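Some structures to go through are shown next.
Each of the two complexes below includes chain A, the first together with chain B, the second together with chain C.
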Partner chain A sequence: MRQTLFRWLPQIALVILLALLLGWMGHNVLENMRGRGIHAGFDFLRDPAGFEIGEGLLDYDASQPLWRAFLTGTLNTLRVGLPAIVAATLLGALIGLGRLAEHPVPRKLCGALVETLRNIPLLLQLLMCYFALTSLLPEASEAIAPLPGFLLSKGGLFLPALDCTQTCMLDLPAAEGFGISGGWSLSPEFLAVLIALSLYSAVFIAEIVRGGIQSVSRGQIDAARALGLRPLQVLRVVIAPLALRAIVPPLGNQYLNLIKNSSLAVAVGYPELVSVANTSLNQTGRAFECIVIVMAVYLSLSLLTALLMNRYNTRVALRGTR
Partner chain B sequence: MIPMIRFPRKRTIFWTLLAGALLWPIFSWAVLHAIWGADLEACRAARGVGACWGVIVEKHRLLFFGRYPFAEQWRPLIATLLIVAVLGLATWRRLWQPRFAVLALITLSIATLLMLGGLASLSFVPTKLWGGLPLTLLISLGSTLLAFPFAILLALGRRSRLPLLRQLCTLYIELVRGVPLISLLFMAAFLFPLLLPAQWRPDILPRVVFTIAAFAAAYLAEVIRGGLQAVPSGQYTAALAIGMTWWQATRHIVLPQALRTALPALVNSFVGIFKDSSLISIVSLHELTGALAISLGGDAEWRSFYLEGYLFIALIYWIFCYALSCSARRLESGLRY
Partner chain C sequence: MSSSRLRKLGLLCALTLSAVATQTAHAGKTVDAIKQRGSIQCGVSTGVAGFSLPDSQGNWSGFDVDLCRGIAAALLGDANKVNFVPLNSQQRFSAIQSGEVDVLARNTTWTLNRDASLGLSFTGVTYYDGQGFLVPKKLKVTSARQLKNAEVCVQSGTTNEKNLADYFRSQNVKIKPVVFEGFEASFKAFFSGRCQAYTTDISGLAGVRNKEAKNPDDYVILPEVISKEPLGPAVRRGDDEWFAIVRWVAFALIEAEEYGITRANVDAIKAENKDPAIGRLLGSTEDTGKLLGLDRDWAYRAIKSVGNYGEIFARNVGPESVLKLPRGLNNLWNKGGILYAPPVR
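Here is the complex of A and B:
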């Protein structure tokens, strides 16, 4: 009896203390908001937003309710996060393999790349990318064409797009006056976030890939070679399936980090969730509600990613070990 | 290291040419054609061909110390040197004892007091004028030290047999790790004033340090938990067998071993916090990244050489992070007895 009391009393006291602290803070929030003439609650989400969002997947304008603005922001987070995950995985695998190359030159180059990018804050890399894209590139009228049909300038990257309104045809971007018309445009903000996020995550993924491949025992590879498999076949048939087991769990963590890091896009004005929340926070003064929404969305994104990665992990994991 | 992917040796010429083609333009721009003096005309002429490192020469005081009063900048300089010395000592394993945390805390307080002033003959400098490298160092080291005891408690709590306590600690850790730091910093900037009574008006700097500490504690707690898991359970049982209480066993037997195992990972977490401290420029504190914005953003003449400024700041971050991760690697290799 005394044992049970001794176990539960401190815990109950801790919970009461926490509840008191939270209650006190909640009371303060209500008091402060009353002082500023704002009442709490999420009903403000139905009010017209009153600010424009530069780009997005939805039709959105300033007269639409605020929740549409938050939805546009969330979709923008995914719009840059998902391509960045794909790009970072591919680049990371390449750099990771490069670090294991037998020839010292690619090995040293990839090593230097990893050590450089890993030790510089992502925010700085993002700002650098954005500056390079908006200040060092030529004006839209003198856009450079890295590939035929692609135009790169201060206004962003213009890609050929498939236009299927009447008959399907390729819509090529062309310089027109001071701007570029036609094609599929990607803003410099989007590009900066995409490039910086992919590169930064790629070097972390490269280290995971390298560790995963190095965890494959030497005997497996020797055996595969003895069977007469070519080096690329060894990689594909023997190393990759074995290495994936060590790679997938930390890879999932990197994807979570990437999604969370996409919030830095607020620094270059790409209208993702945090940026939209920041604007609406400044406009409505609803600091508490806006921050709660941001946190809730990121938490659900994190949970979703963790769920998907766990699914995939059970598929690649050794049968019988889980 | 076991080289796994075979490239025939004879491709040396190909690889050398490729590396040369990649690195030569960078070398040519950054070294060969660079302008090293604060000469605006020469810089403009070399634009696109060579780097203008003159912008660093011209703006180095603003870059390093932000808007701190010019005549008083010896104070942040000494503060910076003090903190760098502590960081240097921290990578020395022999010094990793509880006493060292006290030393770090004292050094940090001296550095803060030196920057703040208002004592003896030092004039008072409000925190909104602080900036540059000393601010980055103060925030990252200050929040780590603040986070450390909290992280130990969280890690112990998450492994505790008491269900309510364990779930509370797990909830906190997972909640904080699930959201980006920037949303917490916005909380520090906008929500903290709402959470506290209207007459309390804490300065933005302690608010930010506190927030980063709360954020870092969740990550440090996971690292420490990893260290705790590596301690064989026999150690704990043996400690109880010789009559120690749970607290005594944890404090004298389990924690010292766990922290020693977790040390390399802890240093790596500090590198993460150091890099993350750049985010506070978004909530308008002028640490290194923010100091660049105030030194170049308002100057129409030098503004076009922003890239060189970014690279210089990146180099400062890189030196600190690389040195720290190297020492983490050295600590790790020393760990295999």
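Here is the complex of A and C:
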């Protein structure tokens, strides 16, 4: 008992010390700001935001309080982050398998893709994507229709949407006034971020998938074959469960990276969390508070992702070795 | 945990504590710090034509730049003793609050919120601007009210973003802002056709149209001016001595224009002058400098190095520049504008 106490005492003391240190630093910051005539505190979040946000999941307008603007921004981060995670995983798995293909064409092609995309900074890829979308596509009045009901222009991609306000009917986008109205619209900013984030993360995931599969020992595969399993069965019942153990932990890291990388979207004008926070920071001048909010939101999102991935990891991990 | 590791940790904590603790000490007087450093830290934009823009050799020029040079000439006797610190719109207020820059001359709009809650004080208005819209001619739009459902490119972190929302709400017209972090990105997107309209201060619109458009004649500035944008320098709050110097250098440059004193004739006027008001300004009869903590030639040196307000305007944003902006409100009070400097006496 005494021994346990001695083991824990320094730890507890350290935690208290750290808490005191942080508290004291926070206090100093507030005190100094007050001393220089700078207002501090989070009360400003209740003030009307005063600025519009171009797109979002919430019904938001400039008369609503600032916290709603932050919420809209956070949801916009998730709105691009979650589909990007799904797309990057699927694409990554495909490219990873492609790199292990026996035929040289897909193998070399996937290899070239990985080496190109992972060696160019994401910001440049993002800007490239955005300039390609906004420079090469036609004006809204001359939008191209890749599929009936779909319209693609500088204004973004417009998809048919189901409108069920009265009776359910298909709401088709059509050119009107300066742009296109109706349907379900995806702005070029959103598309650029989605494409760039998915591709960039996909090639890292591809390498993780390849490494995971290659980590399965040759003997296991030979044994499976010797038992008479067909190639797909070998992949499903032998390689996949073993490879997943090696894949899942670094995959979680990639998801965390992807969510944090979505903050680069600010460069192409996609109104995600950082963009909204920057605007709020400027309208209110509360630099310290706005940055604290952004850090808190990213930390929460990342911890949540890490938690989910850890849960999944314990499910696929080797039993009995922990 | 072994005792040596604990001791190391304690040392680390102590170091961190002392580093944070020193932050509580107040900065010395700005003027003393500037004199000791030998140069003024002047916060400018990262590149706005006419206001502050570096050339290929890194030499800054522009309206705001000249103001800082004038202050340096008055205080330090040399217009080149300025260190220009480019700041984006997010950094600017933190830079002045933290003491990284002594004066913020960064086409910044004076508003109550900024003046009262950010720990800084605006010293006056040096440029009266207003927000407007630039649209391609081919859209055949003649008024901002016709921009219903249009997408409008705007830079984030400016008063423009808020004015845009306010104006269209008051007009009951729905528009969609496309917000960019950088000034460059915002107008590039507009010229690529991403937005139907571009909004910023009218001085900025003219600059962007004349400098960046492939064919400037394809674009028109709409007649609506949707906001007041009084631009001026700001200093950290609580240093009245420095505040007064920044404020009165700007006034002196305006007053110099009123008296017709230019960079070219300032020496001649100083030598031959009989007018007591001019004598006070140039320090030939009375010493107004000592009241500001400067010497008697402060205003003379400022005028000699950057010229009077009218010259600064003409060189950077007026007829001698690419922007070719009219004087408009920025003319002297007795010439149809609203520039009115309190007397130097």
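In this section, the second predicted complex is superposed on the first by the 275 of 322 C-alpha atoms of A that agree within 3 Å, B and C clash if a C-alpha of one lies under 4 Å from a C-alpha of the other, contacts with A are read in each partner's own complex, and residues count from 1 in each chain.
One rule holds in what follows: a residue touches a chain if its C-beta (ideal position, glycine included) is under 8 Å from a C-beta of that chain, and two chains touch if they have at least 3 such contacts.
Note that the coordinates shown come from a computational prediction; the quantities given were computed from them, not determined experimentally.
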Requested in this report: Figure out whether A:Glu272 sits in contact with chain B (first) or chain C (second), or with both, or with neither.
Outcome: neither
Query raised in the report: Which of the two partners, first being chain B and second being chain C, lies in contact with A:Ile213: first, second, both, or neither?
Result: first
Query - Which of chain B and chain C A:Glu289 touches, first, second, both or neither - result: neither
Query - Which of chain B and chain C A:Leu100 touches, first, second, both or neither - result: first
Requested in this report: Could you tell me if A:Ile221 is touching chain B, chain C, both of them or neither one (first, second, both, neither)?
Outcome: first
Query raised in the report: Touching A:Tyr298 in the superposition: chain B (first), chain C (second), both, neither?
Result: first
Requested in this report: Using the superposition on chain A described above, determine whether A:Leu281 touches chain B (first), chain C (second), both, or neither.
Outcome: both
Query raised in the report: Touching A:Lys260 in the superposition: chain B (first), chain C (second), both, neither?
Result: first
Requested in this report: May I ask you to decide whether A:Pro121 touches chain B, chain C, both, or neither, giving the answer as first, second, both or neither?
Outcome: first
Query raised in the report: Is chain A touched at more residues by chain B or by chain C?
Result: B
Query raised in the report: Which parts of chain A are in contact with chain B and also with chain C?
Result: 10, 14, 25, 28, 31-33, 35, 131, 135, 266-267, 278, 281, 287
**Report entry** chain A-touching residues of chain C, taken from the complex the two chains share
**Finding:** 1, 6, 9, 13, 16-17, 20-21, 23-24, 26, 89-90, 93-94, 97, 113-114, 117-119, 139, 147-151, 153, 156-158, 161-162, 164-166, 169, 175-182, 185-186, 189, 192-194, 196, 236-238
Report summary line: Interface with chain B, chain A side, in the complex: residues 7-8, 10-12, 14-15, 18, 25, 28-29, 31-33, 35, 97, 100-103, 105-106, 109, 115-116, 118-125, 127-128, 131-132, 135-136, 213-214, 216, 218, 221, 231, 235, 239, 260-261, 263-264, 266-267, 274, 277-278, 281, 287-288, 291, 294-295, 298-299, 302-303
Query - Touching residues on chain A, where the partner in the complex is chain C - result: 10, 14, 17, 21, 24-25, 28, 31-33, 35-39, 50-55, 61-63, 131, 134-135, 139, 154-155, 176-179, 181, 187-189, 266-269, 271, 275, 278-279, 281-285, 287
Requested in this report: State the interface residues of chain B toward chain A in the complex, per the touch definition above.
Outcome: 1-7, 9, 11-12, 15-16, 18-19, 22, 162-165, 168, 175, 178-183, 186-187, 190-191, 193-198, 271, 275-276, 278-279, 281-282, 289, 304, 306-307, 310-311, 313-314, 317-318, 321-322, 325
